[in-house]
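Note that subunit A is present in both complexes that follow, paired respectively with subunit B and with subunit C.
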Partner chain A sequence: MTRPSRFAWVLLLAGLYVGVPQVFGGDLYLMSNIVAALTIGGIALSWSLLGNLGGMVSFGHAAFVGVGAYVSALAVMKLGAPVFAGMILGGIGAALASILIAPALRLRGPYFALSILAYAHIFKIIATEWKSLTNGSGGLSSIPRFPEWAGFDFGSKTGSYFIVLTLVLLFAGIYHLVRRSDYGLALRAMHDSEAATRVVGVNSLLLKALMLLLSAFMAGVMGAFNAHYINFLEPDYAFSTLWTTLPIVAAIFGGYRTIAGPLVGAMGVYLVDQLVFKSLIPSGHQVILGALLIGMILWSPGGLLPPLIRLFNRRAHAQA
Partner chain B sequence: MLKLDAVTVRFGGLTAVNAVSLDMPAAGILGLVGPNGAGKTTLFNAISGLVKPGTGAIRFAGNDISRWPQYRRARAGLGRTFQIPQPLAQLTVRENLLVAQRFGAGAVDRQRLDEILALVNLLAKADCDAATALSLSELKALEVAKALATDPQLLLLDEVLAGMESESKRAFRGMLQQVHERFRVGLLIIEHDIETISALCPRVVVLNFGEVIADGAPGQVFRDPRVIESYTGQATA
Partner chain C sequence: MTELILQALYSGILAGSSYALIALGLALVFGTMRIINLAHGEMVLVAAYMAYTLENAYQWNPLLAIPLAVIVACMLSVVVNFLVSRIRHDRELNSLILTFGFGIMLTNISLMLWKADIRSTRSAWLQDAISFGSLYSMKSELLFFAVSLVLVGLVAWWLRASWYGRAVRAVSSHREAARLMGINPQRTELVSFLVAGLLAGFAGVALYCNSVIQPSLGGALTVKAFIITVLAGMGSIVGVLVGALLIGIAEALTTTLASSALQDLTGMVLFLLVLFVMPNGLFGTKRHD
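Moving on to the complex of A and B:
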């Protein structure tokens, strides 16, 4: 793959931070869809970090999203924490919650996937039953929105867009650094030969636990962002399995072995579904998405991005 | 250095290793032989931490490591190779050693890494994909190099020469001798080939049905009637 130049990065960032709000900022419906797609993208990124680096398929990311959302909302509402501090606390809360599932890291493949699926439900039950704290299935309403800072309203659609975009780019940067580090190398090695990495001194269980912790933190922060963005939480929504399935679909669609793949996948899947398929088939539009996903897994199991990059490189070579 | 005290490993009703005691001095070379199923690899697995012994103690460099996890044993200076080579897939040859050095030895030392690669004749393939670009004897060399990169005091070599033709066997043997001398590392070698064992090891331990049946110089051990019987299955007159 040819490396994008520094100039291309500046161009991309300018487009995201200036271009998108300038061009689409007036269209509130489109902006809210973009914000939602980026939220899914951030969770998809966290999911694929665990899958790609940690080698674990998680069906439980809804738990981290929900815990992050509730911890942040409650920290702001009950303890009076500032919203941004609450979001970090939400991430920490989700990371702590992930420690509870750490014993299951000894399990492999479908066994891990199943145990984390069951585990995710525990938190939904807690959020429903601990009424004195969470108001049970009545939910939390009027969750404080993002504040005004230096004369700019972060609670607006465009403001929320800046926040979620920054979070997603930040997480992508962290992912990149981890993957490039010695730990990333060891994690890559563990994928196919865990026993062989242990006998050369790699504490594989600890590394996997750290990836789970990081992944949960990211998902928790995204959940917290969403809570302050929509200002309302209830257990069925906060822990909805959609927070697990949509990111998985997005990550696989885009290519979960790459960093950009889950983000591109989320933008593609969510925006196309909401803006195109939904207008074609108002109810049951997810059917098209399902069919596309099956086709994708059959014909390009590596996702959408790798063949696109190959195509792009071939074009670039042809022109050179 | 390595001291086994009545180590026993059971798998359900099968006793794979039965009360094996062994004392191996630092930086020596010891051969471990015995017919198939004698428990040699299981003993290696117990020493390196892949299986936990039911009873008995494994002492290494003064510590009782019987309950230590694998990675900790590796960091303490206990390296091993696998009978079926297990390269770290998706990584280059150099990255294989890099992971071993970074996590096993604690710090990256590129000069030493190149030294190891040169010693096992893999310098030319350093940047090749480890899982797909190597021949069998190169994969075996990578097993040794990877273990060496963890800076071990003792290397457990599980049939590293098996499957090679005699010429590369001799070359590999010379390489192991060099590894032993250059890095002052002890070698505990499982091997079937009597010529190789006799050439490399001043001392040989024979296992049969999980028990030590002979221990001594190769010339003496391979003439022991009990050892011959364990291989041929019949008593000699």
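Moving on to the complex of A and C:
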């Protein structure tokens, strides 16, 4: 595959930052769906970072999303932190929460996956029961929205779109840098043989813990973004299993071993789910997502993007 | 106070016995196929909804629904077995994602068919109180306690004495060696899935009779079953039973001493504690990787 030229990147960025708001900015319903899809995309990216680089399947990302959302909302509401600072605190909170589960990194495959599933339940219960801080299942309402800066309202639909787009692109950049770094090399080697990697002096446990930390931070920031975007939180929503399910479906659908895969997957899966499936089957429309997940694992576990790119390249070569 | 605690212990043991059925199915499948069926809790729940459907539509006693519940759970088991055996790459991790997807499907189908409402049995006989001295329970709880013990005993006997039971144990301990001895691993896996389905069918009806059901419950059941198998360690039926009773008692005590909302937290904390302190479980032998 030829690397996309710098010109293509500029074109893509211009399309995302100028084109999308220009074309769809008027349609508030569509815009809010795009923002939600990007949020899912960001979480899917953090999920696949853990899966691809760390070799760990997480069924507990809802915990990081929820913790990030609550920490940020509470930091802004109770401590008076600025909204953007709150979001970073939310990410740090989620990263700290991930340290609690780090001992489970010693466990392999299914054991880790299920430990983190069990672990995700704990935070929902804490958020529900710690009523003095979180107002329990009554939830937190009127969480401060994004501020106005230099005459531009970041609280508007288009403003929120810019924020979430920037976050997602930033995360994709970080992901890319990590993958290219020495850490990425060590992680790839670990994927082939963990024992051999340990012999040559790589602390595999520490590396995995760092990936978990980074992944949790990203998921936490996305959760925090969402809290300030919709201005309301309650435990059932903040820790909903949907924050785990949708990103997994998106990442698997797009291809979790690539960086663009989870993002493209999230746009496709979420928009089709919301705009098509939901109107066909109002209650229980996620049955299709489940079927999609099974189909992908059976027929194309690497996702749809890699085979599509191969197909595209073959065409390009044939024409050349 | 002592009386309350004794009552909690008693209720906990009764509740724990049906957890053992769910956990045993999960553990059997994990033993032979090295996969965790993340849709296991949802299968139990669908079995429970069979009892609800027959009671609601035909006024049948839920106990009469057991054959149907068992058949449906076994059929779902066969489907999971079929799907998982068709995974080509990295079965250990991909099977998790696949069964997770199957669980999502079952949850949403339940949501479509039976709505999100909370359901429980209306059978007055099953819900009648029965007492030993100062200890109370529902008749159904006592009944299913007995049923569970018998079933766990039967499975233990089956694993020890029958040809297929021994095949299951052989495949669990060394798949290749078992194959060389003339055991068909695929068929043995199917058998373990069928037994898991059978247990799930009974567990589902027990769940419906003893407590309440709703479509979103499946995930929590899977987690609970998994927690029990971790407490038990691999390859120990006594461990599964003790682990299940332990979880039941811990939950009942939390409800009595603190609040019912914290009930699930106790199990999780116990679980994380055991996982970190003794990863081989309370009764397990050391794993060889």
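By our rule, the second predicted complex is superposed on the first by the 318 of 320 C-alpha atoms of A that agree within 3 Å, B and C clash if a C-alpha of one lies under 4 Å from a C-alpha of the other, contacts with A are read in each partner's own complex, and residues count from 1 in each chain.
The definition used in the following text is that contacts are C-beta pairs under 8 Å (C-beta built on N, C-alpha and C of every residue); 3 or more make two chains touch, one makes a residue touch a chain.
Everything quoted here is computed from the prediction, not taken from an experiment.
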| item | value |
| --- | --- |
| When subunit B and subunit C are modelled together on subunit A, clash or fit | fit |
| Touched partner set for A:Thr197, first subunit B, second subunit C, both or neither | first |
| Touching partner for A:Pro103 - first (subunit B), second (subunit C), both, neither | second |
| Subunit B versus subunit C, judged by how many residues of subunit A each one touches | C |
| Subunit B versus subunit C as contact partner of A:Ser156, first or second or both or neither | neither |
| Which superposed partner A:Ala189 touches (first subunit B, second subunit C, both, neither) | first |
| First (subunit B), second (subunit C), both or neither touched by A:Asn135 | neither |
| Touching partner for A:Val57 - first (subunit B), second (subunit C), both, neither | second |
| Touched partner set for A:Ser240, first subunit B, second subunit C, both or neither | neither |
| Which superposed partner A:Asn231 touches (first subunit B, second subunit C, both, neither) | neither |
| Contacts of A:Ile294 with subunit B and subunit C, given as first, second, both or neither | second |
| Per-pair minimum CA distance [subunit C against subunit B, superposed on A] in Å | 10 |
| Overlap of the subunit B and subunit C footprints on subunit A, listed as residue numbers | none |
| Residues on subunit B engaged by subunit A in the complex (per definition of touch) | 48-50, 69-72, 74-75, 79-80, 82, 86-91, 95-96, 98-100, 102-105, 108, 131, 146-147, 149-150 |
| Subunit C to subunit A touching residues, read off their complex | 30, 35-36, 38, 83, 86-90, 92-94, 96-98, 100-109, 111-112, 115-116, 219-220, 222-223, 226-227, 230, 259, 261-262, 264-265, 268-269, 271-272, 275-276, 279, 289 |
| Contact set on subunit A toward subunit B in their complex | 182, 185-186, 188-189, 191-193, 195-204 |
| Residues on subunit A engaged by subunit C in the complex (per definition of touch) | 57, 59, 103-104, 106-111, 113-115, 117-119, 121-122, 125-126, 128-129, 241, 245, 248-249, 252, 281, 283-287, 289-294, 297-298, 301 |
